Amino acid sequence: MKDPILSNNERAFVEKAIAEKLRIDKRGLNEFRNLAIFYGKNYGSVIASLGETKVFASVSCEVSTPKTTRPNEGTIFINVEMGSQQNEPCIVVTRILERTIRESNCIDLESLCIVAEEKVWNLRVDISILNNEGNVIDCACIAAVSALAHFRRPDCTASGDGEFTIHKSAEKDLIPIVLHHYPICVNYALFEGKTPIADPTILEERVTNASLILAVNAYKELCSIHLTGVSLTSPYLIQKCSDMAAERAKHIVEYIKDALEQDRIDRENGQAKGFSQSIKLTNIPSNFTDTQEIDQVMDTENDGSGELEEVMADESFEKIDSDTVASTWTKEESDESSDSDVQVIEESPKKKGIINVMEIVDTSSDDEEKETIVLN
Amino acid sequence: MVQDLLSAQGLRMDGRRHNELRQIQCKLGVLESELFTHKNRCDGSAYMLHGNTKVIASISGPKHPSKSSGKKDESFIFNVRVKFATFSKNGERQKVLKNSKKLGEIEINLKNIFKSVILVEKYEKSQLDLNIEVLQHDGGSEICTIVNTATLALIDAGICMKEYVCACTASLTNDGLALLDVSHLEEICGGPTLTIAALPRIGDHEQSVAFIELSQKFYLKDLNKIFDCCQLGCEKIRTILDEAIRGNAYEHVNSDLTSN
Amino acid sequence: MLKMEADKEILNLKPITAEMNILSRSDGSVIITQGDSSCIVNVNGPTEVVSMANMDMNKAYMEVSYRPRCGIPGVNERYKEKIIKNICETVILTALYPKSQINIQIQEMDDGSGIFACVINACNVALLNSGIEMRSTMAAVHCVLDDKDNLIIDPIDYSDDTPTFSRIQKAVRNSKYKADFTFVFESLKESVISVNTNGNFTIHQYNNAQKLCKEASKKIFEFYCDLARKYANVI
Amino acid sequence: MAYNPLSEAEKIFILHGVQDDFRNDGRTRNDFRPMELQTNVIASASGSARFCIANSDILVGIKPEIDIPSPNKPNEGKIEFLVDCSANALLDFEGRGGEELASEITNCLKLTYSSPYAFDLKSLCILPKFQCWKLYVDILILQCAGNLYDAISLAVKCALYNLRIPRVTSALLDGGNVDLVLSDDPSDCDRINAESLPILMTVCKIGDYCIVDPSIDEENCSTSSAVVGVSGNKITTIKTISGGSFHADTLNNLIDLTITTAKYLNEKLLKSLKQEERQMESNKIQKCSFLN
Amino acid sequence: MANVKINLLINKPKYSAHIEESNSRIFTTGEVITEQKDFMRGHGTYLEDGFIKSSVVGVAKQINKLISVVPLKSKYVGEIGDVIVGRVTEISKKRWKIDTNSRLDSVLLISSINLPGGELRRRNAEDEQSMRKLLQEEDLLSAEVQNVYTDGSLSLHTRSLKYGKLSQGILISVSPSLIKRRKNHFHNLPCGISVIIGNNGYIWVAPIVNVEEQGGGFAQCLDPVSKGDRETIVRVKNCIQALSACYVMIYDTSIMYAYEESMKYDVKELLNQDTMYEVGFNAKQRILQLE
């Protein structure tokens, strides 16, 4: 991931705009980008995206000995990969998530105990920041919480003497992790230490360098507060932000629960599609006739007006779902008559000149660059 | 479940009242600063005992940035290093921690806190190193003591700052009473703990907050109460720090300094 | 032993879906699902070489990082990184980018059977997407030898294992197959550029597997065309 | 080694001073700078001490833990040293230089304590072959103004003197499992006989003369220096540090010098330790908090 | 027999100056110095909400409308004309980098020195190559602040016979705020030695050398110093450290007072803290009486 260079002009522009209560992506000051959650085929794999910020989370578990201080509790470990060499932001995100998820006791760790003092389940949440367009923490938190809610561990029976057996999924149903509540991080970038901006983009984050992160659950309980960056704030602001965060958290929790329910229904019907449901663009028909559909796809991309209530945008996703099967490449033999760019490459082994091939590849890459413009 | 943190008589486990701080002792200039004549010497230091926590902080700089300190684009380089002595905790000996997340977090937090109060523009092109050694602690939130000690050390080194930074914790009983300065025992017993580092200004109720940390959860409606308690604690700590600083200063001052 | 030509069914690959340009911060990115396996690959480059020690005056330096679905990368992942690095260096015209670096980052998402083939295909699409000049495209096909000595191309294996993160437990994750093969072909001469096998098999079985996979790889190349065509048409 | 720059002329001034038996702070070649000590400074350690030679400020904390004796020494306990060149002492310690110095001092301590005449490891054994005490001696250099070896060895000795190991009231061997009962009474504990514990002494050769207790500047202009470990009348280790060479006669003289000096130093130290202990007991001085 | 003295920290007396709070008011960080608007803010202060506030802990100082706060201890902040003692840390093209106990390294340009022999001519490439012959790394020198750059770093010059490379002697470092600004910082004390009291807190104590013999200020005398001189130098050094420990302003008179007070002790006895404080306090008392 590359860090763009922030010019003084950009900085001044953003600051001035915020002072006039304007944001460069037309959002209101307390408006969030679109949220989407996709579950994988494996239990506990999730991609969450907030605008263009994308985070992958996966949960895994294994049996090990408990800590001596907590002999009848399982443990949870959270690991965050940023994909860049920078160490600091990674530590910050990890610690905030640890506080939010582990220290708010949202997981019933006692239910993860197999034999007290001997064997417990250890949970591990691996979070990978795929794309950082700002507000990684919100997205990572949503991904982590939904992954935990989605995860199923194998059942396990203890048979005295500290012996126990782990059942395969065929023998006994997998069991979900008990979550008491879903803590949701809400990140407000602070401008001048006074103006809070919901869901900052990377540009806004880099301009202000200070943010207030509140973790709240649906019961209006505050699970963690974190003031990052170099900043001074007032208690009044914290109070104000926490009220707004509580609203937001309620919506997010509902959204996560809906998505989980949808996934459960899909799985029951044997239609779990995994991450393929997140794939939209293979829908684009090759003959470019169905412009309407493209427009629709584009619309969901550009529609930045998502008020809190409109966060889900799930209508469009469902639509894509139904189309995906038809238009993805399946086992049916495809017709031989295709002769696109790439095909030419395959057919040109005898043209030994590298330059020749390169030209061809060049055109294809050019195409893709242009197409990038259209898509984004 | 949360054990009751307050007895029927209104006393806490260690006999304090709900709005009482633990014992605090502090001293500035505990390490000799004129020992060396090269730039890596210690320019300011402080020691603090707060409850069971003992911390030494030392400052080196502001000085010409060392070549290895890397980042050229930053005009003011502020390095923070925190270490826990291997014998600092009761019970088992602590392993020597290197690059641990916990230390990393404390270091980042300290960096952010002090960068927001040091008058950075006065230290362009220079480097300032803050070293913290925790000699003894009981496992509680030592960040408070570290922040307070670091403030003293920075003042001892004569670094320009806007205000003292004071850090304090507060917790909540089952009955919703805010408790000041949480001890480790109280923390284990399961109350939520809010830690803030604030700039308690003289005669100004609205404090600026430079750092907040919360462990465990509580209802939003209680936020105000617990926050107020923390702020009160910060003011009290400010008074203690101020006393120590003035005490130290009067030792220094003689009638000559003004006639200079 | 094998009726490869006769039995068309055997050549069935799992359905593949892919989306390019999913990550705004990288030069080329793709999410691919191939049946029960899926991954995200992003390519960045050519860029400045991060560490001067890796600077090569004659060609680009390739860096591959492979993140497993769960747990920290271990020896296994290092091994995969090495293989991917090797085959990418074969297909990329690295000599065109001297003194620079190309980064490939792979995130496993659903580690079903044939995940490694899926990852290699994803790398290829991501490289196409990034516009890095390549000598040829490449396609990977996974195939297994079951206990009745039948070769099955790209099987769907709903394994019963719970996801674990410790390296030891991962290693003992047993396969119900006698052997499995992952062949990587390049598009120019359709020659094999990498083979990765597990288990034991006869040379005859190996040859059959290779033939079979080569046949199947054509479909993947077709898929690349299809994908490119669809993307090209958007413009 | 800690570094403080010196110009050539300053070095010459120091050199001539040593020749004249009048060092840069007025001491003669055999004088030590004033020392200060305090034991029992860290509540979380079982034995601790702070020892200063002028501004060389050392803090030592000891934690005993139960361990299994090593198979080739079944009836001996263990002792482990760790020197931490804290950045408080001197930022030169940051990076490699500090680690080297730390391991050098650690090794030297280990060597000098490994002799059974210097330190009786057998007394740390609880149940031969099964259980023994392992002492973790952690040394923190708060400040360094030269002569680290001496200061550290003296600080370690003070901390060992202060060390209280919980008394094992019974140890039963039940099959392969050991059942240990530790005394509940915190005042009921074992102590270590500190009398013969070794002292390290640094001797620096500047010009043609040897000096004890070098300051940091003197360390920097010495041609060669040696560290001698002395326990009672015996030498436990001799180690040259910072290059340079000694003539055999010089070395002999030097060893004679260290034995007599160390013996005297040891007497003084034990006297001070006992005095402190008496005062703490009799006066019930309100426990003075560290560094105040 | 060796001289060994071990003190117990538990018996350590608490030394404190107990100075009447008198006329010097201490301002602490964040304290409002004045609410009046017509003042200018100097060092150690900052402006917030229209008030001038102190940014350090120290004593306020007012020169006309300029208000500044002098911190008790800080790095040296240079002013033009100050006498400093510094140490060469680095030699680069046409300049020496000098450590002067300030925030940034100071510079001594080759054009700011008098060449040996007092020649007045353009500096040529040969001079640049032989810079190390004049001053090499870790050499000490005395100089004057010629200019203060915008970033706060100092440019020095040695264009006077009294400045230049220092020879044998002892360097003592004290807090720069303890140095009293005077007309003359070069003193030949009546006890027969010379001191250079650098404004930057570095003090040089050395035997008296005839300035004229120095030949441009880069020659060094490496002959042994007589034992008498040495004893005086060390005694003065210990006295200055005693003054510094008692926070007494350091200038020629205070040094002499401390020196006289110390005469009843052996030089090495001055290393003991109680003697040190006694000497310091006695000197301080005498200074107070003087006023």
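Read from first to last, the chains carry the letters A, B, C, D and E; within each, the first residue is number 1.
Everything below uses one rule, namely that a residue touches a chain if its C-beta (ideal position, glycine included) is under 8 Å from a C-beta of that chain, and two chains touch if they have at least 3 such contacts.
Please read these numbers as outputs of a predicted model, since none were measured by experiment.
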Shortest walk length in steps over touching chains, subunit C through to subunit D: 3
Contacts common to subunit B and subunit E (chain labels): D
Maximum centroid distance from subunit B, chain identifier (CA atoms): C
Most centrally placed chain, judged by C-alpha centres: B
Highest-count interface - the chain pair sharing the most C-beta contacts: A-C
Maximum centroid distance from subunit A, chain identifier (CA atoms): E
Centre-to-centre distance between subunit E and subunit C (centres being mean Cα positions), rounded to whole Å: 70
Distance from subunit E to subunit D - Cα centre to Cα centre, in angstrom: 36
Separation of mean Cα positions, subunit C and subunit B [Å, integer]: 52
Centre-of-Cα separation between subunit E and subunit A, whole angstrom: 61
Multi-chain contact residues (two or more partners), subunit D: 5
Per-residue multi-chain contacts in subunit B, two or more chains: 35-38, 199
Chain-chain contacts as defined at top: A-B, A-C, B-D, B-E, D-E
Contacting residues of subunit C [partner subunit A, same complex]: 12-26, 29, 31, 33, 36, 38, 40, 42, 44, 47, 50, 65, 67, 69-72, 93, 105, 107, 109-112, 128-137, 160, 162-166, 169, 187-190, 219, 221-235
Complex contacts: residues of subunit D adjacent to subunit E: 5-10, 12-13, 16-17, 19-20, 22-28, 30-38, 50, 54, 212, 260-261, 264-265, 268-269, 272, 275-276, 279-280, 285, 288
Partner subunit E, residues of subunit B touching it in the complex: 29, 33-39, 43-44, 61-64, 119, 123-126, 155-164, 199, 201-202, 242, 245-246, 248-258, 260
Complex contact set, residues of subunit E against subunit B: 16-17, 19, 21-24, 26, 28-32, 44, 46, 48, 53, 55-59, 61, 70-75, 87, 89, 99, 101, 103-105, 151-152, 171-175, 177, 180-181, 201-202, 244, 247-249, 284, 287-288, 291
Interface residues, subunit B side, partner subunit D - complex: 25, 27, 30-32, 35-38, 40-42, 45, 47, 49, 52, 54, 56, 58, 60, 68, 81, 83, 85-90, 92-93, 96, 129, 131, 133, 135-138
